[in-house]
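Shared chain: chain A. Partners: chain B in the first complex, chain C in the second.
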Partner chain A sequence: MAPIDGTFDYDLAVIGGGSGGLACAKEAVNHGARVAVLDYVTPSPQGTKWGLGGTCVNVGCIPKKLMHQAALLGESIHEAISYGWEVPSPDAIKINWSALTEAVQNHIKSVNWVTRVDLRDKKIEYINGLGEFKDPHTLVATLKNGTKRELTARNIVIAVGGRPHYPDIPGALEYCISSDDIFSLGHPPGKTLVVGAGYIGLECAGFLNSLGFSATVLVRSVPLRGFDQQMALMVTNEMEERGVAFHHKCIPLSVEKLESGQLKARWQNTETGEQAEDVFDTVLMATGRYALTKALNLPAAGVTAVTGSGKIAAQTEQTDVAHVYAVGDVLEGRPELTPVAIHAGRLLARRLFADGLQHMDYENVATTVFTPLEYGCVGLSEEAALDRYGEESIEVYHAFYKPTEFFIPQRNIRNCYLKAVAERGGAQRVLGLHFVGPVAGEVIQGFAAAIKCGLTMEQLMNTVGIHPTVAEEFTRLNITKRSGKDPNPASCCS
Partner chain B sequence: MSKAICKGLRSPIRSLINLRRAKTISTSLVHNETILVKNNEEFVNKVMNNDKPVIVNFHAEWCEPCKILTPKLKELIEPLDNLDLAIVDVEDNAELVHTFEVKAVPAVIAVKNGLIVDKFIGLVDADMITNLIDRMSGKKKPS
Partner chain C sequence: MISFVNIEGFDEFAKYTESIDQKGPPVLFYFSGSKLPDGRSWCPDCVEAEPIIKAFLDELKKNVIFVYVDVGDREYWKDKACPFRTDSRTKLMVIPTIIKWKGVQRLEGSQCTKRELLQMLFEEDD
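Now for the complex of A and B:
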């Protein structure tokens, strides 16, 4: 119950100590608020748990990027030979999985610690308990030892994020792992089946394959659904050419454990009805993530703006209960990205405690899929642009390109491709940029700022490129899809 | 340089001294064993109230440089009978970390008669370490 005299324990209570929650909490104390952060990790079906910091730090962006880097470095060692490095016994080069996971986990633990020290320094109360609503202004945190702690707050921010979804098939929960488990897996994953072809599934299959563990992907409908499909095809083509097996239009039926300890997975092609099976050492479920709203007891708060998927509908991060807000992956219809949660969390804290007026702009958020050959993009996909403006009003500029560094080691350039989707008329405002190639994230970031400034094709074409880079290819775009001309490059520098 | 450090860090020491002292009083050790600090009381008794100067090493298991520095400190200090080494695991001693404003590991603080006389952060070179140890064990005059 809200205290009769209107005093609350805290000005702000944040449920969830991840990217969004912590950013909001830290910004709030900067403006003088008394803040408490609740964070708790329910162990995964396989028993994995982790410390403060949320998904990104512990089982998301950070370990993913580190493992992606490990995979790339493995490739680099071999490429180095063609550049003249004398590498003794190249065939003997292999990954030590436990050394890799130890290094990754050590880094994560250092981040957990710095996060805790930071909260303490900023005088933010950190409660390691699972939070739920008792009434609109009261939360109950259940700690690991079962004890409960009640607290009241004038404002509450729900930043609980999500967890991996498991398909409802025999053997899924008992034998399969998810992204929650892969980054700290206590034994090398071996031959792996990845169920799901969203960015999590593809990134995992990608680095596992590059590290030397055979990877197979089951794709239910299309890879990277929601992303530009032409680019998604480039990404999967590259992965296939590197040895990742794809089974399209397939859904998993069951996973059983054999006497050898290995797993036998059965799946079915939804178009042909055909069933198939194979034996794997590891089966990794990457079939989507669900928001952790059920455990919150939202009805006790009076919050009803919850969609069928469990996410919270809150256009301006404010729910249908005025003092209850939501930020991050838990929000309906918003990009599930760390920088989005951080930015939205900060702006929200400013609106609550510093008379801020700025609202989060969720449009034109850049992102990158860190598959072995990366895919970076900002703005609309070609499909979305065609849908919104119509074919007659869109111009798509595209090109294949050959990174200078690829020639000597004879790296595959077949999937090095980029395109700009723009308005057809006038100066041709750029609606979307798409790039498949090395360091795609680094390439796209600057262009995200350009698009925010209203970048046009005219400006892009008048920008002088930096040579030799892959990013300069955006400044060299001049062939349109409409023209039908060959988008393959003739040679460098002309 | 030491004076400024002493000045700035005197108040944290005071707040530690004001902590409730342990009911049992630990006897001073005859031979030189590394002190593994498990809680504030132990720190007050064995470091603050130590007759000998103490080198306090803030350590974390997940920190690679710590894995190099800590054994080195043990190797250099254990043979000495007029200088002690205390190891504070940052995961188990959140309050000490906060009191001494340790923001990064490894961190080394030199304590003499309950006062901080020196501090360094990160894996410093062997010369700096031996220099500090010599000064603390009385081999060299303090700078």
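Now for the complex of A and C:
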């Protein structure tokens, strides 16, 4: 209950110490608020847990990028030979999985530490307990030892994020791992089945394959659903050409543990009805994530705007209860990305404690899928643009390209492709940019700012490229899909 | 019970690390600039931190080994090639620094003057 004299323990209580929650808390404290952050990690079905910082730091972006980097470095060692480096016994080069996971986990632990020091230094109270609502202004945190701690707050921000979803099939919970477990797996994963072809499944299959562990992917409908499908195909083509096996239109039926300790997975093709099976060392479930709203006891707060999937509907991060807000992956219909959560969390804190007026702009948020050949994009997919504007009003410029560095090691250029989706009329405002190739995230980031400024194809084509780079290919775009002309490059430098 | 150890210079530091009992109490290294004839360090941040750390340690009721490491004089520290900066076991970027041996935890510069942070570093177990 709101205390009779109107004083609360805190001006702001944040449930969830991840990207969104911490950014909101730190910004609030900058404007003089008294803040508490509740954070708790319920162990994964396999028993994995981690420290403060949320998904990104512990079992998401950070370890993912480090493993992606490890995979790329492994490839570089071999490419170096073609550039003249004398590498002794190239065939003997292999990954030491425990050295890799130790290095990755050490980095994560140091980030956990720095995060905790930062909170303590800023006088933000950190409560390592699972938070739930007792009433609209009261939270109860259950600590690891079972004790409960109650606190009241004038404002509450729900930033609980999500966790991996497990299909309801025999053996899933008992024998399968998820992204929660892979980055600290206590033994090399070996031959792995990845169930799911969203970005998590593809990124994991990608780095596992590059590190030398055979990877197979079960795709229920299409890879990277929601992303531009032409680009998604480039990504999966590249993965296939590198040895990742894909089983399309397949759903898992069961996972059984054999006497050898290996796992026998059965799956079914939903189009043909055919069943198949194979034996793996590891089965990794990457079948989506769900929001952790069930444990919050939202009814006690009076928050009812919860969708069927458990996410919170809050257009301006404001729930249907005046002083209760939500940021990050828990939000319905918003990109599930760290920078989105951070930015929204900060703006929210400013609105609450610094008379801020700015609202989060969720449009044109750039992102990158860190598969072996990366896919970076910002804005609309071609399908979304066609849907919204109609074919007659859209112009798509596209090109294949050949990165300079690929020639000497004879790297595959077949999937190095980019396109710009634009309005057809006038100066042709750019609606979406898509790039498959190396360092795609680095390539796309600057263009996201350009799109925010209302970039047009006229401006893009009048931008002089930096040579030799892969990013300059955006400035060289000149062939439209409509023209039917060959988008393959003649030669570079012209 | 706090055990105090005093170390001077990098070679002595390296030698000491080899003698650390892995199963013994936590070891915390405090890297400081050496003392001038008047008894104070040439490093002003170290001068500020030392009494605060001393007071904190007087009250600490925990079994730890506190190792005071005299890094050396100003010229030695400022040199980019100073082994305290380059060696992977320390990788110091600033003095004073307190490092928990074999852990990721460390406090740097003005962080060493804050009681709550000293508490986090010394009192928490991994």
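Keep in mind that, in the parts below, the second predicted complex is superposed on the first by the 494 of 494 C-alpha atoms of A that agree within 3 Å, B and C clash if a C-alpha of one lies under 4 Å from a C-alpha of the other, contacts with A are read in each partner's own complex, and residues count from 1 in each chain.
We adopt the following convention: a residue touches a chain if its C-beta (ideal position, glycine included) is under 8 Å from a C-beta of that chain, and two chains touch if they have at least 3 such contacts.
Values in this document were obtained by computation on a predicted structure and should not be read as measured data.
Under the clash rule set out above, the superposition-derived model of chain A with chain B and chain C contains a clash between the two partners. Touch criterion not met for A:His187: it reaches neither chain B nor chain C.
In the superposition on chain A, A:Arg120 makes contact with both chain B and chain C.
Judged by the touch definition given at the top, the superposed model places A:Arg482 against neither chain B nor chain C.
Legend: residue contacts after superposition of the two complexes on their common chain; A:Lys109 is shown touching both chain B and chain C. Looking at the shared chain after the overlay, A:Lys294 reaches neither chain B nor chain C. On chain A, the surface patch touched by chain B in one complex and by chain C in the other comprises residues 106, 109-110, 113, 116-117, 120-121.
Remark: chain A residues 105-107, 109-110, 113-114, 116-117, 120-121 touch chain B in the complex. Residue ranges of chain C in contact with chain A, taken from their complex: 104-107, 111, 114, 116-117, 120. Residue ranges of chain A in contact with chain C, taken from their complex: 106, 109-110, 112-113, 116-117, 120-121.
Residues 60-64, 90-91, 94, 97-98, 102-103 of chain B touch chain A in their complex.
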